[in-house]
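In the two complexes below, chain A is the common chain; its partner is chain B in one and chain C in the other.
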Partner chain A sequence: MKKIIMLLIFLISSVLHAEVVWYPSPPEAYKLGEVYPEAQRLLFAFDYGHALVYETLILKKGTIKNPKELEKELLTRIFSILENPPYIKVDEGDIAPNYVYKFPLVINLFDWSHMLHQFVLDVLATSEDRGPVMVDRINTIYEKYKSNKAIAITDECKSMLFMDGHYFSKTFRKQFPSFNLLIWSYHWFQIKLYEALLAPTKMERDVAVANTIAQFKSLISDLPDSADFDMMPETATEAPTFAKLFPKIPAAFDNNHMLHDIVSDMITSDKVPVEKLRGEALRLGRMAQDPDAFKVPVCNQN
Partner chain B sequence: MKNVKSLVLLLVLISCSIQTLLAAEASVALGKVAELSCHRLERLVTLQKIDEKFLTKLVSLQIIKLTPAKPADPSYKVIASQYAGADGSSIQVEMMMDATGKGVSQTLKAGTEAQNAPVWSDKDAASLVENSLHYILESNNPEARPFASGLTSVVLKQVKTEQGETVGRVEMHSTDTTKLFEVTLKEDGTVESANTINP
Partner chain C sequence: MKNVCKVFILVLFSFSANVKSATPPAAPQFYRDLTLNIRKSAEFKVPMIGTDQSYSYELEFADPVYKEPMIGDMALGNNPAIFYRQFWDRVLLKDGSHVSINGEDIPLTCIFISGQDNRNSGNIDPRFPQFIMKVYLVANDFSCVGPINPGFPENGGKEEAWDTYLYFEVRDPTIMLPVESKIRYRWNEFHSVLVK
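This part shows the complex of A and B:
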């Protein structure tokens, strides 16, 4: 009986932790990097940075005596990656095996959502048509994203309390204020790129993307003061044109970003011991998928 | 070609300027301004620009809509007060917010150290106030609407219920109604009840 139970656990874990594959890969996949290589490399760096901070905090959970010192150390490592960001997408399993083991569902939710992020940017960066054909293409990609119900984060608008209203909430930003603002600056950059890539001409898009990169660098130039975010940047606010064209995608992105902050808080908080992490991550991951959890009647873009 | 490039850049700059001007005239519901000010308070405490007692001993927010003379002038002022000290005065921070409700500056106002401020066992005072504001902004309760739109003040009290449970009671005033709105929250921030009351 014990062997059967172990086998079942192994099988369930395998399913929960199965590689996420977008098949067939869109022809535009990762072509953002051909047009705007610096922006693409920064996005790869963000994935690396997220994984690195999660892994470090999991490994050090319960033993951090000097959060300020750890934050300084982490930021130094992250900034060296940002100064020389990777040319390819890094495999989280290689950088953060403990994180991948403890958060199997959440990893899959993030992977699937990040692919949506990426492919939308790829289409915006490369589409020759700037009108209905481009819009339809993105909507097709978005339908494919939604169709994978097992790992799609809901596109129903959630209250900020989904991020801030749990027993462990806000721990990360209190203990690591500069790192929190770095992550919010990442999210701002991702969102702002959508808006920049909607500029009507190639020349305007080039200028807008360059400005977005420059602004991002300014945001992180002197943390925490340089990044004046009081709360997580929201897609409809930072990318209003994008939000009007694609009214459901902003909430899916914002819910993804909130889940990232939830993971940061869970890992940091003493109220979530190591042995509870996996279970809580499953619960909160499911909440991110649940259209009714923390649902608000009116999205902020309305 | 050079002239075309210059013209395009000029058009981009003009449209950005128009958007900036329009942004200065945009208005945000006063309840939303109050909610955003809670986030601002947290940031100011995290950055050690103000004392963390603004989170633990917060008693009230006062929300004032301003009339900016220039686009860059603030559109709202929110005064956050700690519990009063022995002489009746409170330490306050005046937060100036722009047309979108974003904090742009703050001024500390001197007062006496808070006395007899209640102790909260789970969420702090500022989080309880914030949760009550989320309620008026996000619930389907039609009674909450005038308080989302015309909120002028929020006052938090600690109350013991008949069952002996400690709860937070947030009382709200609005220019859009003569009634008051009362939100009762458990110490974990969960809203227990919310309804209008007569003054």
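This part shows the complex of A and C:
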């Protein structure tokens, strides 16, 4: 019996380089919510919001007569979630079964990358040590992320053309400008949290997180006017201290965020019919993983 | 003393006879080769009242997830030469591998095999298969973790990892005939039969 148990442990542990289940979970997993519950609940709400909009757009693809009306309707639904965000991480497959089914690679990439996002925030929020021990923990988590080559998004810097250089690009932001700014505000909040959580003392972090939440609420208070992003917010710009400490992670996050926009465009564009969605998502997902695709020698020079 | 010697010689004889009759344990590459010999394409039918449904697959192997297949021997009694061997293998599939269901092509992402090699079990009855390979052709999971979510329930999600896969068993590695086939399609399972 002991032999079988040892073998099973070996069997499970030896797939660590190819799993969308982060196993075993880091000890800090989801501890952000214990320290900053409002921030954590907002992150859960973003997941919910992303899934909801993707599912709706897939189900209505090709039949949207009045995008403005639909955007208004969607924003009303999303804002009620943002005002009363969930306490638990909702399974995306339960909210958006068609999206999950049609975008399997992209979902794997997002899931893996979102776990990295989450665990980095968890360490930043809870580490007693604010120096080398904390940095080392994040680097260890990042190494595990990178080692899973089957589903890791590259950390090489890509040009914004990766996001905007395709035959279907920018459709989402043209048809649903407010919603696009809402999504960029989500991304801004996620990366701004890294910077806030790097403040040296707990008191300063508390203030910085509260300010970030307040700024986020202000950004989305009167869309599209309240958020004046001309372009997707980038990690190194919004979180310079974080980018200096962890120079490879910002590009991995930005590439993830660009892939979100690509998915939004693909689902919205009439140039990508429903039957082509799966294949195109696979192609673009592989591009997100490819370190050479749209690579730029200097980061953030888009 | 004479009796003890007789018993010892008898035990030694029977042990060596067993060892001789058993096949030498295979190297891991043997099981990897079995994996790579799985049929690259096949068509199945789901018999249904009214209208049969069908599905087919095509696959190409990419990189293995395990450097070499996992092997575990379960000895029977005290004779180390008599054992059942279990093996597991996982290989990713190249982009373009797919299962066609009702005109929809869904990506096949990896193959997972849970097998048993009974050649050293001492049972040579021809009705008892010398090999059983349980084959999962997994769709939609590029990470290839399953069939059970290793972190469940602490990590959240569902207990089973794969919503869509093709399953069959191979009991004769010479012809690799898929038997006991079924399809799990978005959590619904249907038994099927091989067409070609």
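Definition applied: the second predicted complex is superposed on the first by the 281 of 302 C-alpha atoms of A that agree within 3 Å, B and C clash if a C-alpha of one lies under 4 Å from a C-alpha of the other, contacts with A are read in each partner's own complex, and residues count from 1 in each chain.
Just so it is clear, contacts are C-beta pairs under 8 Å (C-beta built on N, C-alpha and C of every residue); 3 or more make two chains touch, one makes a residue touch a chain.
Since this is a predicted model, take the numbers as computed values, not measurements.
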So, does A:230 touch the first partner chain B, the second partner chain C, both, or neither? first
Once chain A of both complexes is superposed, is A:64 in touch with chain B (first), chain C (second), both, or neither? neither
Which partner, chain B or chain C, is in contact with more residues of chain A? C
Figure out whether A:91 sits in contact with chain B (first) or chain C (second), or with both, or with neither. second
What is the contact status of A:245 with respect to chain B (first) and chain C (second): first, second, both, or neither? neither
Touch test for A:297: chain B only (first), chain C only (second), both, or neither? first
If we overlay the two complexes on their shared chain A, which of chain B and chain C does A:161 touch? Say first, second, both or neither. first
Partner chain(s) touched by A:112 [first = chain B, second = chain C, both, neither]: second
Shared contact residues on chain A, chain B side and chain C side combined as an intersection? none
Of chain A, residues touching chain B in the complex: 159-161, 164-165, 167, 170, 173-174, 177, 199, 201, 203-204, 207, 224-225, 228-231, 237, 296-297
Chain C to chain A touching residues, read off their complex: 65-66, 70, 72, 74, 86, 88, 90, 92, 95, 105-107, 109, 139-145, 149-151, 154-158, 161, 163, 186
Quick one: which bits of chain A touch chain C in the complex? Just the residue numbers, please. 3-4, 7, 10-12, 14-15, 17-25, 89, 91, 93, 97, 101, 104-105, 108, 112, 148, 150-151, 278, 282, 286
Chain A partner, complex, touching residues on chain B are 5, 8-9, 12, 36, 39-40, 42-43, 46-47, 100, 102-103, 122, 127, 130-131, 134, 138, 140, 188-189
